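In order of appearance the chains are A, B, C, D, E and F, and numbering begins at 1 in each one.
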């Protein structure tokens, strides 16, 4: 079993706010992230796929195909967009880094399986100081 | 003459759009950056001050004081904010990286002089791939 | 289960030396790290907490609270200090990166539990080339 | 159990091509990596060793000895070399990042055991965007 | 006057060898870089353009156009190629980092002028430890 | 004229304190850097040399020789040492980053000239957030 990872960077706006909460509660829980007029980040996403090495190609999976799927199903939808307003797979989801990583996992798991790989981890880095990792719900992970 | 630099990171939303232009023209000139619902970045700002070394302290300038000014006059106003809507010193200014660097220079030049230093460069990095440097209008720079 | 990580940087002095050993033995085992007059590093510490995502907030844990604990119980005690002489939770402990990571784990495990999270990993990077990871003694962690 | 990692960088040429395949097939599977006249990378290799902390030294393993083995058995053979032509432990192996990581593991596993450690992971980063991790075939990993 | 920089990464093979020199002389002058079977690097190129800010757009130059020129005239010719054998603008040039930076400058200077900018600097980073900067032959630079 | 830079990293302890000042004054001016029991950093030093490209070699200067001089005259004296106590060329000098950069310049200028190059800049990075650049006293340098 070998693990292979592809990294991509994109830029998006978001805010963390619940409209069923008062401004005070939003401020208390979400702090600066609840700024009414949005803020944004250069997000880095790491997609890790695991599998046996194909003896013919030396590849676990063809990274060019992983990259194509990642761009089509995620990057094209989020880059230079607003995570709260513009992204189909984030509708109705509070765009915390945790929820965003899970949503990217859900968006990609089947496509990676179709390419012959097993999705192992989605890592989303929001700032230089913070990142989140999600390994799915399967018991064999991490 | 020695040059000393302080780096800080913050996160903000913005968009590049002119309301006196058609959507097509905005799209043609500003591309993805004109997305109606905003996008954002982790911006890195580098402030470089030049001066003689004070023989008593070994310092060109006290970086703690530079950092305090930078936070009070810039970071506190832009971090987790919207550059088009929330920032006093960006009112009426199209928030390109170029204009943003110049505006930060104008915001800081006097304060650095009051601390006994000479502002040499404001560098603003918007993404991992793009950055802008501004050295003021004085003829001795860069 | 989602894993969330916070990174902080601080600067400290230390040396690796056993006073019950000869200078030769110290030199042989600890090499340059045994320099009598100390040396130092910019240490980077990564704290990883795991947990279920709270559906109300989208958070595993509030990172602002993690950061507050990390600063109060670790950073404030080690930043611009001497790990051998100045730090209460390192008394009597040889400040190798391994021992330092374990000591930080012990310092933080209970506080993270009080915040509703489970400490998963303390990673300490001492130089650009070397780092250590400690996952505690629980059997469920790799 | 503590995990300690050493990182090294080296530069090498390689190409991905199977001479039992047509040029078209090579192009289709390996893309730009099949360029007849080679290309190359600054490779980064991370070696992670796990073990108990020795109470006498505070070390899982002496990193100076790990570094010596890594240089003698890997870096000296691959730095400023051609992975397809010049490297004994890559003979007959297609130099994909996956195969390269496994070959480095095989080259180092015994030597690390002789130093009193257990090899946990070989990570090879080929470009800023791609890396591979191999944890051996033992059931307890990762 | 504002300076704007775009960064790109590519991977290439090369070697430093003069066929009018003995192997010993090549080894003495070029060291490991003269390895007969090539080696390679992940090169990073930074292109810096200077100019006045266009008050209509807030841009010194449209970076999308800079990026298009850089890809068409440089990256497409060197990425996953051999600098000694495959690159038209490097024919007859010893591919040291210095010569490579100058050749990239010559390849781009006119195109940048056509876009309305002035090329200020080509920086080429060959390894994490080494880089070269070229500012052209004009007297007003650096 | 081409500029070529070599980067090296080392680890050292230091403190900023004047014994002719009270503890209060030291604390006020030097803050955390005056901690009695030292602190330390992973310092990064960048040495930039300028010159014409030698048409025979494609080099401004042989970086292997620059590296040898840098290690012999600087790194060997400061790595895993105490800048206040252990370093001959820092005797009697307050080890601020500014003074340290100037001292490294003075240590290297003649040696670089003997190698046929002209020293252009010494840059010393003390933390991820702070660095200093010194270009000597010659009038032709910015």
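Note that a residue touches a chain if its C-beta (ideal position, glycine included) is under 8 Å from a C-beta of that chain, and two chains touch if they have at least 3 such contacts.
In this text the structure is predicted, and so the values were computed from the model without any measurement.
**Student:** What chains do subunit D and subunit E have as common neighbours?
**Tutor:** Common neighbours, subunit D/subunit E: none found.
**Student:** If you list every residue number at the subunit E and subunit F contact, are more than half found on both copies (same) or fewer than half (different)?
**Tutor:** different
**Student:** Between subunit B and subunit C, what's the gap in Å when you average each chain's C-alpha atoms?
**Tutor:** 34
**Student:** Taking the mean of the C-alpha atoms as each chain's centre, how many Å separate subunit A from subunit B?
**Tutor:** About 29 Å, centre to centre.
**Student:** Using the touch rule from the top of the page, what residues of subunit E touch 2 or more other chains?
**Tutor:** 128, 142
**Student:** What are the touching chain pairs in this one?
**Tutor:** Final set of chain pairs in contact is A-B, A-C, A-D, B-E, B-F, C-D, C-F, D-E, E-F.
**Student:** Give the list of subunit B residues in touch with subunit F in this complex.
**Tutor:** It comes out as residues 1-8, 53, 56-60, 62-64, 141-142.
**Student:** Hey, which residues of subunit C end up touching subunit D in the complex?
**Tutor:** 16, 18, 29-31, 93-99, 101-102, 128-135, 142
**Student:** Across the complex, what residues on subunit F touch subunit C?
**Tutor:** 9, 11-14, 32-33, 35, 37-42, 79-82, 85-86, 127-128
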